[in-house]
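Think of it as A, B, C and D in the order they're written, each chain with its own count starting at 1.
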Amino acid sequence: MSTRRLPVPPSERTIAPFGRRLLTVTANERLGAYRLLKAADPDGPAPAAGQFAMLAAAERWGAGEDERPYLPRAFSYARWLADRRSRRSPIGGETHFLLEDVGPGTRRLCELRAGERLWALGPLGVGFDPPEDERRALLVGGGVGIAPLAIWQDSLGAPGTVLLGFRDGARAEGATLLGDALLATDDGSVGHRGFVTDLLSAELDRDAHATVYACGPPAMLEAARALCAVRGVPAQLALEAGMACGFGACFGCVVPKRCGGYLRVCVDGPVVDAAELDRVEAHVGSPA
Amino acid sequence: MSVSFCGLELAHPVINGSGTFDAIAARRAFGKALDDAFPFAAFVSKTITLAPRAGNPPPRLWEAQAGLVNSIGLPNKGLERYMSEDLPELARLPAPLITNVMGSTAEEIAALVRACDARDEIAAVELNVSCPNVKSGLDIGADPGQLEHVLTAVRPALRKPLIVKLTPNCADVAECAKAAQEGGADAVSLINTLRAMALAPTRGHDAAQPRAWLGGGTGGLSGAAIRSLALAQVAAVAERVTIPVVGMGGIGSTAHARQFMDVGATLVAVGTESFRDPALALRIARELHPQHPPGMRRMNA
Amino acid sequence: MSVSFCGLELAHPVINGSGTFDAIAARRAFGKALDDAFPFAAFVSKTITLAPRAGNPPPRLWEAQAGLVNSIGLPNKGLERYMSEDLPELARLPAPLITNVMGSTAEEIAALVRACDARDEIAAVELNVSCPNVKSGLDIGADPGQLEHVLTAVRPALRKPLIVKLTPNCADVAECAKAAQEGGADAVSLINTLRAMALAPTRGHDAAQPRAWLGGGTGGLSGAAIRSLALAQVAAVAERVTIPVVGMGGIGSTAHARQFMDVGATLVAVGTESFRDPALALRIARELHPQHPPGMRRMNA
Amino acid sequence: MSTRRLPVPPSERTIAPFGRRLLTVTANERLGAYRLLKAADPDGPAPAAGQFAMLAAAERWGAGEDERPYLPRAFSYARWLADRRSRRSPIGGETHFLLEDVGPGTRRLCELRAGERLWALGPLGVGFDPPEDERRALLVGGGVGIAPLAIWQDSLGAPGTVLLGFRDGARAEGATLLGDALLATDDGSVGHRGFVTDLLSAELDRDAHATVYACGPPAMLEAARALCAVRGVPAQLALEAGMACGFGACFGCVVPKRCGGYLRVCVDGPVVDAAELDRVEAHVGSPA
């Protein structure tokens, strides 16, 4: 499929077609410890960075560990390559998802081969907001959570400052998904030995006139949130939660709000203003 | 292919299970496409209670074998804000609105029902009787005598059709349905979710004290896994009552919908399977033969 | 890793669900290998009734989502031929024998229990109370009062441990378990199959009158699909009673077995999942940690 | 795998190892409308002709139509090629199964590729008995029911008389599984136009000193049973029934006995003396 990368219009939310649609896998590439799943989405609209899709293999979705999966799984758009024919229309392109095998659903998707098909519903949720009053974009990602930062970097049109943290070297290979990034690994095999939030605090000390865009494990998000909060730096956090539907139907994907009550990650997020949360709880229903 | 149900003329026999589709949130996700291709012949709201409820702490979801265990905990804005904030939005839907309500006493239920009676935007009321009785702890709908008693007390407060959403956690659901009919229900709907539980996964078996996965402790099972149980309950109820039956429980295809109508359901509701595809109910409605014999027979009866 | 259960010393905590393993037929299929690697710490017979039963006409099986709906109809030789023909064979098994019996009246049950009491080959009796009451049509085990009444009447006829196999088709299984304990049960076992139904498949939708697939009309759902329901019932029962609990319902792995013990089961039974692999229970028994804390705690209580 | 065909000792029943075992698919060949699934069974004993195995794919057994299959499925041994090394031991060989895709279970097995694995429990049930008092063996098969006749022909050591019926030409290609057979097809595309039982009655009229071994759809079995009954010709029928376990545990696979009551096809059959039945009912739970 002949495609060219186009900066995605930075709009917070793209409306999804009503109903799931079939995508055809064009490639499934190993990216260190992850898989980069590429699929043709001829009828899909260009997603906004930070949005996600609910995915399920079209064949044999189920019959894994404990007869699962049953429901579709949520995955951030990691990249969108608009079809050439549709330069003027925002419809149709190749979509990329970065996958980490953590259970029966991701395992099934990780084994999909080119030509096989998957169901997709999306783009769903609200994505990232561009920085305001000339703040620089500071992208902070942890593990497979780097996925939405890649498409965000594309749509910002400029590399910006990117800080990525991984557990080990194999996972750090995922960093190639983004342009020039500063790395940290828990085991020190690549880049700074320690947390990506160490890099973040250094960056903020150097220049705090930034908007932080963070996605990753809860502990990392919470650390980033706290670092930004004390410095009064605006932060947008891409959250995760176990989901059944992805479009606000089940009320299952909630996280507590600062002002009390809960927000639904799938429709009020996944990207939320850090100010909306007291703290990022260790989320459940998706890998820590 | 319109279907008449408790005096309502519906475009087709497929509606949604309460709490499995939020039309307002869906509009944010799918825009006007939702209204252009609205899948349900009538829209059933999530359960509304007198006072607002935040719902259960997460996690609220557990994926079971071909099923879902949820402990959402009936979060809702409460009657007042539902009426002021949601009703105007729901009134714009291209389908009649059925408001689902729940209360733990006859007084509470009467108040809810009365409020619904006063609003023209509401075409009918569905009463969720899966609410635990404060004394026995059992669902108020689990005891036929108690159910008929409550219904007799609240029925006069409503001039609109009253659908009673039965609880499946009982010894004899057909007896409960009969009691609902005696109490004045114009229709019954079933099945609601079945009491279920899951433990938090343990990598290997660490000595750690095992704990329930769901924030609410226990939850309710829905989806494909319960279909054969739902079909048995719907068949038993349809045999016992003369009022129309709304059948649901794991319906995920037109064939499944037909099975529920074959055993006597007038309408079918799609719930959990909508989570796999929000447009599923639309496909089923289109594929269903307009005048499905068993369904029609019971309706004209 | 022996486990004491109602005074019986068992090699491990894994037994079979009644009616899901026929040791005599298995000997024909697997020869002496079965006895060499017998998977169950105690063997539970299929339900025996006073009079012989042919069972339901076929089809008796329907495969559901991760589950099985059966309407076998409790075929058995009747008490007399069970005692004369099967008992000698079963006595040769390398595990104590638990004979499962069912009757529709206290008198019938007493007769069955008395006969079992007289035979040394039988270590304990499991009473299946999922038998429909002739009057109400409900399972005699579904009404706590009636259950306690029946048990009080029959308990004196047995000097051996009495396990009551509860019915899951009730409003409050924990209340039924409590009633069983009050009635003199030494243990309770659950869950039995859940009432389910299936229609004969129709290629496309022919006008043909839809008919139930199972020869028995309705059947009972078992297997993986019911695990989360079974776990909830077992947990509720274990919280309410002090006697040991035998947990079952979709157990297909050591992790599942642990979950049932974690919520309070002393023993676990493998049923439908044995159909996928007759040696499953053996693998589970080997993989289970010998002294599983929650199980032990309840046993020594 | 180097193998040679060995006549299987005609014993009515081979005892199965206790517990299911993993087989590795060596080939999955198209045979007209059927698939011939070949698998290495190094630990399996040589089956008696007429016995069956309960099979399930090791991966993704389930998640087909209506989330099925869940339970294993019964398949007749169609052929057994003993491993050379085990010439003296009856253990280890390549087993062949003839599959017809009629639903989620057979569909999954039909798509297995060489190298993939399946669970097998068997050999189960009782097989065919050799003819008595010099009667000739008359093998009569219909559709996929020809499978057990192939291994029976092997173990008889002589081709004997083989009559096979099929719905159409594509299915008739399955006949190559056996040595020189007389064919009938419903549509007349191959051999006699009509029923295989037409051929059978002609054969019996010619020479009734035979024992009939029949396997196929219920209507065919019933016709064969009746033809033999009126002529007093002994017949052994390989029955089918929906099964959950295959080893006598569930009492689900029953068919009515002449003398009243039911027999379990999995342990009392699948091969039964026609005299045990009043008639062969249209069985349920497996394709008509």
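Just so we're on the same page, a contact is a pair of C-beta atoms (placed from the backbone, for glycine too) under 8 Å apart; a residue touches a chain by one contact, two chains touch by 3 or more.
In this text the structure is predicted, and so the values were computed from the model without any measurement.
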Inset, instruction - Go through the assembly and pull out the chains touching chain A as well as chain C. - result: B, D
Legend entry - Required minimum of steps from chain A to chain D, each step between chains that touch: 1
Legend entry - Rounded Å distance between chain B and chain C, as computed from the means of their C-alpha atoms: 33
Inset, instruction - Could you please state the distance in Å, as a whole number, between where the Cα atoms of chain C are centred and where those of chain D are centred? - result: 34
Legend entry - Between chain B and chain D, centroid-to-centroid distance (C-alpha), Å: 48
Inset, instruction - Among the residues of chain B, pick out those that touch two or more other chains and give their numbers. - result: 64-67, 224
Inset, instruction - Would you pick out the residues of chain D that each touch at least 2 other chains? - result: 62, 66-67, 70
Inset, instruction - Enumerate the contact residues on chain B facing chain C in the complex. - result: 62, 64-67, 69, 137-139, 142-143, 169-172, 194-199, 205, 207, 210, 218, 221, 224-229, 231-233, 235, 250, 255, 258-259, 262-263, 289, 293-294
Legend entry - Residues of chain A that touch chain D when the two form their complex: 59-64, 67, 70
Legend entry - chain B to chain A touching residues, read off their complex: 19-22, 24-26, 28-31, 33-34, 36-37, 46, 54-55, 57-61, 63-68, 70, 72, 75, 213, 223-224, 272, 274-279, 282
Inset, instruction - In the complex, go through chain A and note every residue touching chain B. - result: 13, 15-20, 56, 62, 66-72, 119, 121, 124, 241-256, 260-262, 264, 267, 283-285
